[in-house]
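Below are two complexes that have chain A in common, paired first with chain B and then with chain C.
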Partner chain A sequence: MAKWNYFLRRLLLSIPVLILGTTVAFLIIRAGPIDPAAAILGPSGDPTEYEQLRESLGLNDPLWDQYLDYMWNLFTFNLGQSWVISPGDGAYELIASYAPRTLWLGFWSILIPLFIGIPLGFYAGLNPNTLSDYFASFGGIVWRAMPNFWLAIILVSVLSQSEKLFGFEWATFLVETNIVTPPPLGFLGDPLSLITAPGETWPVVLGATKQILPAALVLGSASMGNEMRIGRTAVLETVNSKYVETARAKGMSRRNIVWKHIFRNAMIPLVPVITGEAFLLIGGSVLVEVVFGINGIGYLFFQSAIQGDLPLVSSLLFVFILTLVVLNIIQDLLYTVLDPRVGFEDQ
Partner chain B sequence: MSRTPEPHPATASADETMLAVENLQTVFHTDKETVRAVEGITFEVREGETVGIVGESGSGKSVTARSIMGLVDAPGRIGDDSSIEFRGRELTGMTENEYREVRGSGIAMVFQDPLTSLNPVYTVGNQIKETLRVHQGIRGDAADEAAIDLLESVSIPDARRRLDEYPHQFSGGMRQRVVIAMALACDPELLICDEPTTALDVTIQAQILELLQELQEERNLSIIFITHDMGVIAEISDWVNVMYAGEIAESGPVGEIFENPAHPYTEGLLKSIPGRFPDETYLRTIDGDVPTPTESPTDCRFHPRCPKKFDACEEVHPAPVDVESGRGGHQAACLLYPDGLTREAAVKEHERQMEDSDTEADDE
Partner chain C sequence: MRDYPAPFARWLAGVSLLLLVELGAVLSFVLGVANDLLRLTLGTAPLSGAVSTSQSLPTLISRDLVPNRGYYTGEEWAGTFLGLEPKYAWLIRVALVVVYGAVWCGWLWFGYITFRRHYRVADWTPTDDIIDRLRSHQWGKFGMVIVALFLLLALFAPVVSPTTMEQNIQDPYSNQIQYFSEETGEVQTTTAGAANRQSTSVGSVARNVGPWEYDNFNRFHPFGTLPSGKDLFTFLAYGARISLFIGVSSMLGAGALAMSFAMISSFYKGAVDLALVVTSDSIQALPVLMILILAAVVFSNTWIATVYNGALLFIALFTLIYWPYLWRAIRGPSFQVAEEEWIDAAKNYGQHPAQIMRKHMAPYIVGYMLIYASLTLGGVIISVAGLSFLGLGITPPTPEWGRAISVGQPYVASASWHISLIPGFLITLVVTAFNAMGDGIRDAVDPQSAEGDEATAAAAGGGGA
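And now, the complex of A and B:
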């Protein structure tokens, strides 16, 4: 099958991408002004101690050796230990304790645009040049134009004064939560408790969801606008295509035409938009995490980078690159499933 | 939604009128202008007959087809005085749901470009079977068998295997066969072919024309065949309507049109068939372009390009009249006719006919 050949080829191609990506990351980290020995000792460090530390950390080895070491460690998933942020703790433990919050945030900020942006865009595309289309399209542009850092701050201040502004208090709405703190995510480590102890666990899930929603809305705002606009264009293009006219001429019902003939074709241009943004959310969540006080992986990465925590920075970068490659593979998989023409040209 | 296939009424005589289009007007209202794409055309299609509609690009052929199929969307509108009657049922003013029943099961359409008229993400079998399901209520294995039969009836080899293939795995000619098979899946009585051979190369063109003629005989289909190719028209049609700028310039039996063309436009079209004058270096053409009609006509729309025009052509809108008085069938909308009358008398006759039709329209 041509399409699965294509997919396999894309899968293999991701290996050189991974190697190149980590190499570039290595060069950027090592060639930059980060001096981990100075960072560990602090400004009052003693010069002989400093030299000893450099020696013991392997920073005086030839760059070539360091590179091979680095690559070997990463590709055997030996991610090492933190030097500065939390000395002695393994990178795995740190990632495991920070990542769930980012994943929870990312999950919702992908879900919200997916289930609001795309349906809105499709609706606007199916009813072009009506009042609701103008409303949705204009809303999409405005929504897309609001920068994350600004929207985040405004949202935090509006929510914390919601009682004065709208007469209801967000903090006590449904379940009592804080506006700016990490959400409680203990249930992710014990998903069975959702069934075994539903009475205790579900309120926590609700609270965690409620707490993450404003941040997810901010993080997903640009994607939501994008997906709306592109969804609208894709639908408009498909609606005016010959095969939709043919389907109409065959006497197909409007419901069949929309859900069968238009929907799947209009999804094809949206695939790269969705997967591309999924990565942006992971990499770009630093700002939102800082404003909403969510100690996620973006926050961890930012801290380790400015504090010169070399092993942690490179491990996190490796994780980011890996995520990107995996998302690309998912994108190719979606293409392969959605569009039978994939890989056909190469035959 | 399912509908048992109706057998073609065996009692229908060959002369029975299947589709009657009367005074069809299709107008597109845009912010900038109003385009009167089809301006009061009248013609009919009889049982088992092939009616050709021929004309240049922009003469309103495709809009006519879409108007009959009810596929004219806003900003397009069909005029209030227009009437399209199919088997005695008035089609204009039908709701979308009523029209859906006519589409496919009564009238089916084959579009110009076979490369884009199939949905690229579904298999050919899927697209034929959905038609069978909607119009004939056939599902499952029976639908598979019916779809294979249809593909075989349009001479696609190895039909069983090809059922599971996607449109991009078919060549252009094969795709047009699939589109025709899909149209036949509705078991229609009238097939509208909108330039079905234009995107295909000449040998494939001939095959498709032959296929259409075979199918017509087997299934007693009536066909409206739209093309700009006079050669194709000569081969396939029984009756020809020549369209120009939204109007029918001339209509008649195919032999009459080709042997005794009456309207100067038809003459021009016939002269511009390649190979007609083998000694000449250049192909004969009709100078100028088809105008985009934005207002109701008050003159002959062809007069700026007409080699035989005279003063009255700019003032009188010609009505379709019999070319030779007393002999029905062959009509031309040209002030030079009817043949027997003097020029002044002919112009008077046209003026009188246009006034008649105007008052008629007002009375309604």
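And now, the complex of A and C:
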């Protein structure tokens, strides 16, 4: 039961975390130096309109009332509306129309590192101190150190001039796509069409995937380096453990040892890395989306922040914080289920 | 030390000689910082006179020693050091700075040896082992060399850049340069701004001054020019200053917070620890880059965003955002040391908690702190560059590496590839070096630790910038 006690404790702890995180957002937006009403109207706003806006946003109330109002609204999922980006539209509609592209990007940028980073790391760990190990390890370190936005710029330019540089045109490869545009994701709203009209839908899926791949590669770059390094260490540690030696001594085939005894145990330390990726994705999607012209939720946040749409910003921030807290809970749940040591360490 | 002063005096003499060589620069830097601080707190600047006096003091390693700015008369170079070509004059000056830095490093090491041989009571301490392990760690040494070069680039930015910040970037139209005109066959004078306008790098081969090239005014550009015609190397050297300043200051701030919180939570445990866990979890639940963007927008028109071109705002933000990551990383080691018997013993002797933490816990934790601070510093540099890429934060025209990448964005796949690529390579190199240094320190401080744990992984990502 110690396990589930641990999980319950973590679950309870996430409540104050959510409240405090949202409070920080409130303090920056409402108690900070910017007047949200003035930011919405811009420098040429007229005074009566300004007063009306202040009244309707509740800015004339005492700060304490504002705080309670703000928290109550967010925690009852009354996320308000946009004032500048698309005036009058509710935050839900905006999130529903922008989020799918970010989710599509996030999906691929978790998948790509998984299928490139982990195999490379395991390969390096199985062949330690060889030339290919050094190459992979060093590559992973440098790959991780590259700024995402810089990598994105390079990739965009190289892909848009791939004809000139490599004699191979990326834009017309397989299906014709643009490089700096959002992927068409209509099929997500109508998943049945994948079966009912495969001839029309699958090329769209292919195109959407192809468009998102460069951005996903960039966004997943840091995680890929991490997974490689940690995968390598995990394999190295497992290879040198006693039970692998035993398996070898009783004459088990190398293939069996590697697949059954090494890989499965080496996966354990990778679990938190994979869930931790989602953290980087939520924060990092801003820059990658801006460079690749994908109007996802990070792009929406950036635009509403620089254009002074602070009510929308605070709702988006709450959604991000909520997502991160939920991810944390999922990670704890995975830990609790997978690792038998959880809950006994602290005692 | 009083009984046997000779070795120490010898070392001190060397230090003062090294300082004397750079007296003007050192004094004007120290006085300048003090002056700025006074201006912030008092509102007046009583030291301004002293600053300008100190600037006129002789400085050996300076632009004047090896001038690289001159013009080619068709037969020979005029105005440069020994009549050499500007690029060689510039290289000599850079080499001088590197040698000066290397001598400093060597002398500090000699100072440590002197201390160890003549003044330390113990023959051996655990620190000796740490240093020995660090000395045989090739990857860590590589990191330290690159970090040292980066420090030199930042500290000696006015000396190593081929032209001056004032003349080339801040106020090009008030400064004049001389050049040799081939049409008229005589030496002419123009403003640096007018010359910049004809030295732009905007993609086509005809309108491009690439790395290691001269422009039409006999000015040498080691890294080429920006689309505005300004010198990229000068821009990056001064940009290194601000990146380094933000990185180091915020890591000092966050490190100090994390250290004291780690010691307090491991010493008192219980409710204090729980409160810190909740606080740090809440801060870690905020998406870093988005909070930075929001704060940069919200504070953009306030006084805090004007201090040191916006660097102070970033330092405050990074300090507040990154301490939980550092605290989480050193919480384990600090709980370990709190369990040790010597802490119990000190408690039973009735020593004050603050003293126990400072004397008996801090020396053990500070090594771990160095590891994570070094790894996180790379992330801070990337974040600052990412924000100035978005046009937030450091106010133009103050150079910042991210802005160079941003202005070069349209020209990446053209003749002017250098504008975006060189700053990006430099960021990658510096961040790799800080990571390598962190790896080296970790292997030296804690040889048993497994590489790449969770905290490291999160720290080095720079919030996904």
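Just so it is clear, the second predicted complex is superposed on the first by the 331 of 347 C-alpha atoms of A that agree within 3 Å, B and C clash if a C-alpha of one lies under 4 Å from a C-alpha of the other, contacts with A are read in each partner's own complex, and residues count from 1 in each chain.
Convention: a residue touches a chain if its C-beta (ideal position, glycine included) is under 8 Å from a C-beta of that chain, and two chains touch if they have at least 3 such contacts.
Remember, predicted model here, so these are calculated numbers, not experimental data.
After overlaying the two complexes on the shared chain, residue contacts for A:R254 are found with chain B alone; chain C is out of touch.
In the superposed model, A:V17 lies in contact with chain C only, and not with chain B.
In the superposed model, more residues of chain A are touched by C than by the other of chain B and chain C. When both complexes are overlaid on chain A, the residue A:S241 reaches chain B alone and has no touch with chain C.
In the superposed pair of complexes, A:I28 makes contact with chain C only, with no contact to chain B. Of the two partner chains placed by superposition, only chain B is touched by A:R264; chain C is not. Interface residues of chain A, counted against chain B in their complex, comprise 241-243, 245-254, 256, 260-261, 264-265, 268, 338-341, 344. Considering their complex, residues 13-14, 16-21, 24-25, 28-29, 32-34, 141-142, 144-150, 153-154, 156-158, 160-161, 164-165, 219, 222-223, 226, 229-230, 233, 237, 272-273, 276, 279-287, 290, 298, 301-302, 305-306, 308, 313, 317, 320-321, 324-325, 328 of chain A touch chain C. Across the complex, chain A is touched by residues 1, 69, 71, 96, 100-105, 108-109, 111, 113, 116-123, 130-131, 134-135, 166, 168-169, 179, 182-183, 185-186 of chain B. Chain contact summary for the complex, chain C toward chain A: residues 277-279, 281-283, 285-291, 293-295, 297-299, 301-302, 378, 382, 385-386, 389-390, 392, 402, 405, 409, 412-413, 420-421, 423-424, 427-428, 431-432, 435-436, 450-452, 454, 457-458, 460-465.
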